[in-house]
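First subunit A sits with subunit B, and in the next complex the same chain sits with subunit C.
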Partner chain A sequence: MIGGEAGKMALYQAVLDNEKALLDEWVKEQIGAFSRQGAIRETELRQQCETFLRLFVQAIRDGNTTDLRTPEWEAVLRFLSDVSSSRGEQGFSPSETATFVFSFKRPLFTALGKAHQDDGKALADAVWEATAILDRLGLHTMDVYLKTRETIIARQQEDMLELSTPVVSLAEGILALPVIGTLDSARTQVVMESLLQRIVETGSTQAIIDITGVPTVDTLVAQHLLKTVTAARLMGADCLISGIRPQIAQTIVHLGVELGNVTTKATLASAFAVALDRQGMKIVRSKPQA
Partner chain B sequence: MATMIVRSTETLPIRAEADVVMVRQKARAVATEAGLGLVDVTKLVTATSELARNALIYGGGGTALIESLQDGIRKGVRLTFEDQGPGIPDIEKAMTDGYTSGSGMGLGLSGAKRLSNDFSIHSVVGQGTRVMIARWK
Partner chain C sequence: MERIPILRMGDFLLVTIQVDMHDRLAMTLQDDLTTRISKTGATGVLIDISALEIVDSFIGRMISNISAMSRVLDAQTVIVGMQPAVAITLVELGLTLPGVKTALDVEKGMQMLRVIGGGSVVPPESDGDDDRQEY
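Up next is the complex of A and B:
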């Protein structure tokens, strides 16, 4: 069997004896690996490496090297999580993040090689032990990195849901809902609710849904629009749909979707004119055209 | 007749609502690259949206194969949607306007056929469904 207790002790001794040299080599290795100059400050990097080395030595001394889920390794894993998630947030690439752990291999193996020049068996044991640990630590940093990125994506998705549904008041009794982007089930729900809510709040009787910013109008989108129109009608508001571009109009015809008795217009401006008319209002020029 | 050349091919998974958006965007990019006009691109993307969603909702997820084609001087885009769902027992009925086994409008399949130049559907109950559409410049 390779590895085991002998390998662990050899690894511990080698790290302990060469701490300074390992640190220098490791930092140099990483500086070279970064694609962007100045992506990380050398002092900061050095500090991270120092902390890792300290925790790493402690964990090897006290802990079980075959199972990193034991309490002795907790400090190392937590530290790596911090490094990894901060790099994830700063926009480091996955390989730049994983480099932190993996670039430690070369300096460490060099040190092990020096310590066991004459003993092939001991060297193999120590190297195997080191590889097994570092690989698992490297995978751990990737797990954390991915989780961090996923959190960022989830946050952005939520931001977009909120951002994308502003119901604006155009005139007394007239609301407009400019929809931008994809109208799938989750968003449509938010869109529909905020429109109906604003109809109640403002007592509006005309609502314009503008779909200029919706790239694809398929049967699901059409169905959602028709449901919203029906719900608004039940609350006493008339809905107009604007922003039907020529290609969308042709597509709707081929799909066979009937928009029934919903008033539709090509532009928001013409829908607004209809809504004003229905409210008994009109826009007049107050000065002659220049 | 000149033989048809497949210029590029890509397979995308359809497992969630977000994948439908991805397939749509990819189809739009490939169709635009093939030189299809705005109306044709919109029609193809809309048909794609219907079929990808069908594969997700009725087929329990599947894959979309997007191919950019060249047939002599004609350029086009072909999409193949496959799922391993329950299959369609009566295709003729499923292709009828307004018929749905779910909660949609019942226009997806027939609409997708009208929006495409080529259309074929193959379904085996208990094994799954494969729908192929193509749109040419």
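Up next is the complex of A and C:
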């Protein structure tokens, strides 16, 4: 077996003996690797490297090097997670994030090479041991980085959901909900909730759902729309659907979607006229047309 | 035993559900309400569920049943003040309550009853309750 106890001890000794030199080399290596100037301050970077080295030496001394899931490695992994997720949030690229661990290889191998100048076998063992550990640590960094980015994306998606469903008030007692984009289950839920919430807040009895901006209507979307209309009716508000384009009208009939007794209108204007009429209001021209 | 009060306002009965409905309470309400309708000859029933936050399929069906029973007894029923979450839940459960009239709040519900029922809310000073004719 390559590596093993001898390799581990050699690695430990090499890191311990050259701590200061390793640190300098490593920081220099990383500063060169960043594409952007001033992406991270040198003092901050140095501090991160110092902390990592300290934890790393401790972990090698106490733990086994074949399994990083042991408690001895926990501190190292946690520290790397912190570094990685903070870099992910600051918008570092994946390679810039991974560099933190991988750039440690060169200084470390140099140090190992110096320590075992005349013993090829020992050198190979130590290098293998170091590579195995650093690679796994690097992969861990990437895992955390990706997770952080995914969290950010999920949060942005949520924000977009909220943004894309504004409920506007057209007149006293009349609300309109212009839907833009595809209606999926998650979005319908948000649309439905915000519409119903606004109905309660404003005491509106007429709600117009305008689907001019919905590119396609399939059975699922139609079902979602019907659900919203039914829920609004249960609360005591009338719901109209407007903005049905000719193609969509055709699709709805071809799919055999039963819109039931939902009032549908071609344009928002005609739906608004119906809503006004139901409210007992009308729009009059105050000046003759020019 | 816990009961939901049924208040009389002229020709109409007003039921406000202020507690969480459990099954037995709903059954009692159904009994009480039908008895009251036939006794008073009310033409309209207003059920205010604005304080109701949790529904299940049973309560949903009870709401539907109660309003159907009232209709059979010749009293129009309006359900008012359903919370958004309750409405969504009922729709997801497939209980769309067809035929049940709904309104946003008690005010609008009363107005609706006046329009469809033709009854009137007797002003408090006239002692209308005693000499009421049975329909």
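One rule holds for everything that comes next: the second predicted complex is superposed on the first by the 198 of 290 C-alpha atoms of A that agree within 3 Å, B and C clash if a C-alpha of one lies under 4 Å from a C-alpha of the other, contacts with A are read in each partner's own complex, and residues count from 1 in each chain.
Operating definition for what follows: a contact is a pair of C-beta atoms (placed from the backbone, for glycine too) under 8 Å apart; a residue touches a chain by one contact, two chains touch by 3 or more.
Every value quoted in this text rests on a predicted model; they were computed, and no experiment measured them.
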Which superposed partner A:Asp218 touches (first subunit B, second subunit C, both, neither): first
Which superposed partner A:Ala111 touches (first subunit B, second subunit C, both, neither): neither
First (subunit B), second (subunit C), both or neither touched by A:Leu255: first
First (subunit B), second (subunit C), both or neither touched by A:Cys49: neither
Touching partner for A:Ile174 - first (subunit B), second (subunit C), both, neither: neither
Which superposed partner A:Gln247 touches (first subunit B, second subunit C, both, neither): first
Contacts of A:Glu193 with subunit B and subunit C, given as first, second, both or neither: second
Residues of subunit A at both interfaces, subunit B in one complex, subunit C in the other: none
Interface residues, subunit B side, partner subunit A - complex: 17, 20-21, 24, 28, 38-39, 41-43, 45-46, 49-50, 53, 97, 104-105, 107-108, 110-111, 114-115
Contact footprint of subunit C on subunit A as seen in their complex: 189, 192-193, 196-197, 199-200, 203-205, 227, 230-237
Subunit B partner contacts - residues on subunit A that touch it in the complex: 182, 184-186, 215-220, 222-223, 246-248, 250-251, 254-257
Residues of subunit C touching subunit A in the complex: 79-84, 86-88, 90-92, 96-97, 100, 102-105, 108-109
